[in-house]
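Shared between the two complexes below is subunit A, which has subunit B as its partner in the first and subunit C in the second.
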Partner chain A sequence: MLSWLGRLGRVDRRWLYLGTVAVLLVPFIVTVPMPPGRASKATRGLYDAVESCPPEKVVLIDSSWDMGSQAENYAQLECVVRHLCDRGVKFVVTSIGVTPLAPSFAEQVITPIAERAGYVYGRDWVNMGYVQAGGGAGVIINGMCKDFHAVRPTDAYGRRVEELPLLGRVRSIDDIHAVYCITYSPTPEWISFVQGQYGTPVAFGCMTIMGPSYFPYLDSGQLCGMLVGNRGAAEYEELVGHPAKGTQLIMAASFGNCMIILAAVLGNLGAWARRRRERRPA
Partner chain B sequence: MRRAVIRLVTFVGGLFFLLEFLLPERAPDWAGGFDNPLTPHLTDVTNFVIIVGTMAFLLGPINLVRSHVSTILRRRKGLLDSAAFLVFLVLGVAAAIQHFEQEASLLYDVLFYGVLFAFGASSMAMLSFYLVSAAYRAFRMSSLDAGVMMLAATVVLLGQVPVGDWITYSLPEWLHLKTWAQWVMDVPNNAVQRAVLIGACGGAFAAGLRHWLGLGAREL
Partner chain C sequence: MTHWLVIWIGAFVTLITFSYLVKDNPVYRFVQHAALGVTVGIALVVAWYHVLKPLWWTPVLEAFEGTRAPAAGLWLLALAPGGMWYFQLSRKWFWISTLVSGLFIGTAAGLAFKGMILLILPQVAASIKVVNPWAHADGPGGQALLASLNGLVFTVGLLTTLLYFFFSVRTDNRLLRPPMRVGRVMIMVALGAMFGSTVMTRMAYLLDRLQFLYGTWLAPLFSG
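The block that comes next holds the complex of A and B.
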């Protein structure tokens, strides 16, 4: 028995890799009926912020992600944009400092949803493109809060703000109802400059592994809401009644997490058996 | 002289942002009721920061080109890697210019969506394999502390995904894995994160002050 258990500690890592691929593929091949369950306080906070947006204000989305964190950030942007379009809330998209590829990734997600909802570019939503933040994102954020047009005089295509009707009514932070920043690890400078200085609600969408860093801000009320990984996206999709990519990907994460636990259990059993055998008198 | 200029610009820049942020938008009536005199200049200074940051973007490629060209000319180790870097740098710039001038660009699509996109997504996806391998090889319950950590990790891993809900579905809500995972996040995790944040902010404040006052000689 001990020798059999001892073998568990010597499994070739390639078998583990193969097992990982197999379990991650399951949700893409068969539908596993496992709803994400009740929404957490963090997810509901963002949902409530979008729901409470008055018609004269807009939501600012800072979408600063690319292929590296697409697996989680894609669904986080998709579900919120769908909710905004369903409610008829207008929105402005920025990409501050993280990756120059961010505007094109945001566009890939937003354009089909906006077109389906009858949203017109320039009138109902605008993509302001990438801003280099060499001196720190805080400087750009602080400047945008005070004079949006001066810091971003053109959109992602080089069109002047005067040509974009939506931006006629977005001049400073006073015209923005809430800010939602989606990236691998959102900068807390949004909290310092937007929530701290003006009281405008700020929400984050981050990778699962970064979630624990932001819970203190949520607990203190400095963040009004947060989508943590695909779990947050799946809960949001459940709230808006439109299961999509987040719901599908959370199942892959489910099986992936189980695989990690299984690997740890196998490794520990193997190590325990080896220790027992070594202690036995020869 | 060079150091003195850098120190002066850093100090004046830091003082501007500090005072603009700390002073109220409008002074109280008893103090004259005037507007913050720095705020009207904030946009210009912010744009200046963006321009300087964008110029710094160029420094990276310039330094890399110098280093890799030198490797090729002196036929040092890694010659092929340097050549590959230069080829892709030229191709990347050409693709970006082509994409800027015309909407549809095959070179841009191949380089960014075919190569860069695939590399970026794949390198992040590799993490899942490393995680499983690390859990198998290194996550040992060799002490009570390690056992507690493993228990907490298992609760959080399962509590964050629907499988955890499914396992504890029939139990009362206070026994749900999701409830326990949230408790781990809200109580022990928050306490630790706050402690780390307070320490890190103190360090960042001290480092910022040294930069601002030009006390760190190495940075210059």
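The block that comes next holds the complex of A and C.
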């Protein structure tokens, strides 16, 4: 028995990769019914911020992600944009500093949802494009809070802000109800300069790996909400009542988690058995 | 609708990247370098069309054409500090670049200082938790007890972790050793949570690619 268990700790890692891929594919092939999760305080905070947006204000989305973090950021943007469109909230999208590819990735998610909701570009939403943050994101964020148009005089297509009706009413942080920053690891300068200086609610959408770093800001009330990975997106989709990419991915991830827990238990059992065998007198 | 050729290239590149799991190979390395090259190329184009052209080139051009206020032409002067950065490439004239880099560092440091104060001070205030269940507004009910317990765990965690990193006293003190051990356990729990999050993130990467391979590439092929 011990020699059989001992072999568990020496399984070729490639078998584990194959097993993980096979397990993760199951929810894509067959529909697996799973109980709906309860939205966390972090997810509900962002939901409430969108719900409480008055008609004269807009939500600013800093969508600064590309293929490097689309695995989680895609669903985080999709569910919030769908909620904004359902509620008729107007929004401005920008991509500060992180990656110049971000505006096209944001567009890919937003355009189909906005078109379905009857949103007109320039009137109901605007993509301000990439903003280079050479001197640090703080310089840009601080400038945007004071004069939005000075920092970004054109949108992502080179159209001047004067030609876009929505931007006629977005001049400074006073016209923004809340800021939602989605990227691999959102810069805390949004908290410092927007929430700390002007009291405007700030929410983050980050990769799961970064979640533990941002929870203290949520606890202190500096962040009004946060979507952590696909789990956050799935919870938000549940609140909005529209299960989409986040729900599908978190369902598959649950299968993967079970596989990893099983592998960790068996691997440790194997290591324990091998040690027992080595200690046993010949 | 994404063109079929784009989907096939995406699938091919994904499979080549996965081939590294079996063994490092030249095709994988080619794909890795190509991805890097494409990213840098796009970044250069975006830097011109989204930053330099609208914020610098167009205002200067329009000022000279007379369609914009002449003051916009002053942006041409930005060439001087911008060009000073390139003196970093010369050993002899390196000092010229330090003039402009010093200016940038000074501005960034000033803003960072302000940012840190606005970021950290509320954290310090939020570290003071209510541990007395009678001190809660709605009395010592179930929720107040839970909140007090939460506050107690937080306070113990905070103090013991700080004590673990406190190097001004001898650590072999009998009184200090147990709380320091608690601090170490707290750090290990936090690191465990971070490691769990890392696994989840890596799995999300894999899931995204699997969804692309199955949902975008393979499934439409078989469904006709």
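Throughout what follows, the second predicted complex is superposed on the first by the 280 of 282 C-alpha atoms of A that agree within 3 Å, B and C clash if a C-alpha of one lies under 4 Å from a C-alpha of the other, contacts with A are read in each partner's own complex, and residues count from 1 in each chain.
As a working rule, contacts are C-beta pairs under 8 Å (C-beta built on N, C-alpha and C of every residue); 3 or more make two chains touch, one makes a residue touch a chain.
Nothing here was measured: the structure is a model prediction, and the numbers come from that model.
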item	value
Which superposed partner A:I140 touches (first subunit B, second subunit C, both, neither)	first
First (subunit B), second (subunit C), both or neither touched by A:L25	second
Touched partner set for A:Y17, first subunit B, second subunit C, both or neither	both
Partner chain(s) touched by A:T154 [first = subunit B, second = subunit C, both, neither]	second
Which of subunit B and subunit C A:Q132 touches, first, second, both or neither	both
Contacts of A:S40 with subunit B and subunit C, given as first, second, both or neither	first
Subunit B versus subunit C as contact partner of A:V120, first or second or both or neither	neither
Touching partner for A:P212 - first (subunit B), second (subunit C), both, neither	both
Partner chain in contact with A:C258 - subunit B first, subunit C second, else both or neither	first
Contacts on subunit A seen with subunit B and repeated with subunit C across the two complexes	17, 20, 24, 70-71, 101, 131-132, 134-135, 139, 142, 197, 208, 211-212, 216, 219, 229, 231, 253, 256-257, 260
Subunit A-touching residues of subunit B, taken from the complex the two chains share	17, 21, 39, 42-43, 46-47, 49-50, 52-54, 56-57, 112, 116-117, 120-121, 123-125, 128-129, 131-133, 135-141, 150, 154, 157-158, 160-163, 165-166, 178, 182, 185-186, 189-190, 193-194, 197
Parts of subunit A lying in touch with subunit C, wherever the complex brings them together	14, 17, 20-21, 24-25, 28-29, 70-72, 74, 99-101, 103, 129-132, 134-136, 138-139, 142, 153-154, 156, 158, 188-189, 191-193, 196-197, 207-212, 216-217, 219-222, 229-231, 248-249, 252-253, 256-257, 260
Contact footprint of subunit B on subunit A as seen in their complex	11, 13, 16-17, 19-20, 24, 34-38, 40, 66-71, 101, 131-135, 139-140, 142-143, 146-147, 150-151, 197, 208, 211-213, 215-216, 219, 228-229, 231, 234, 250-251, 253-261, 263-264, 266-268, 271
Residue ranges of subunit C in contact with subunit A within the complex	21-22, 39, 42-43, 46-47, 49-51, 53-55, 104, 107-108, 111-112, 114-116, 118-119, 122-123, 125-126, 190, 193-194, 197-201, 203-211, 214-215
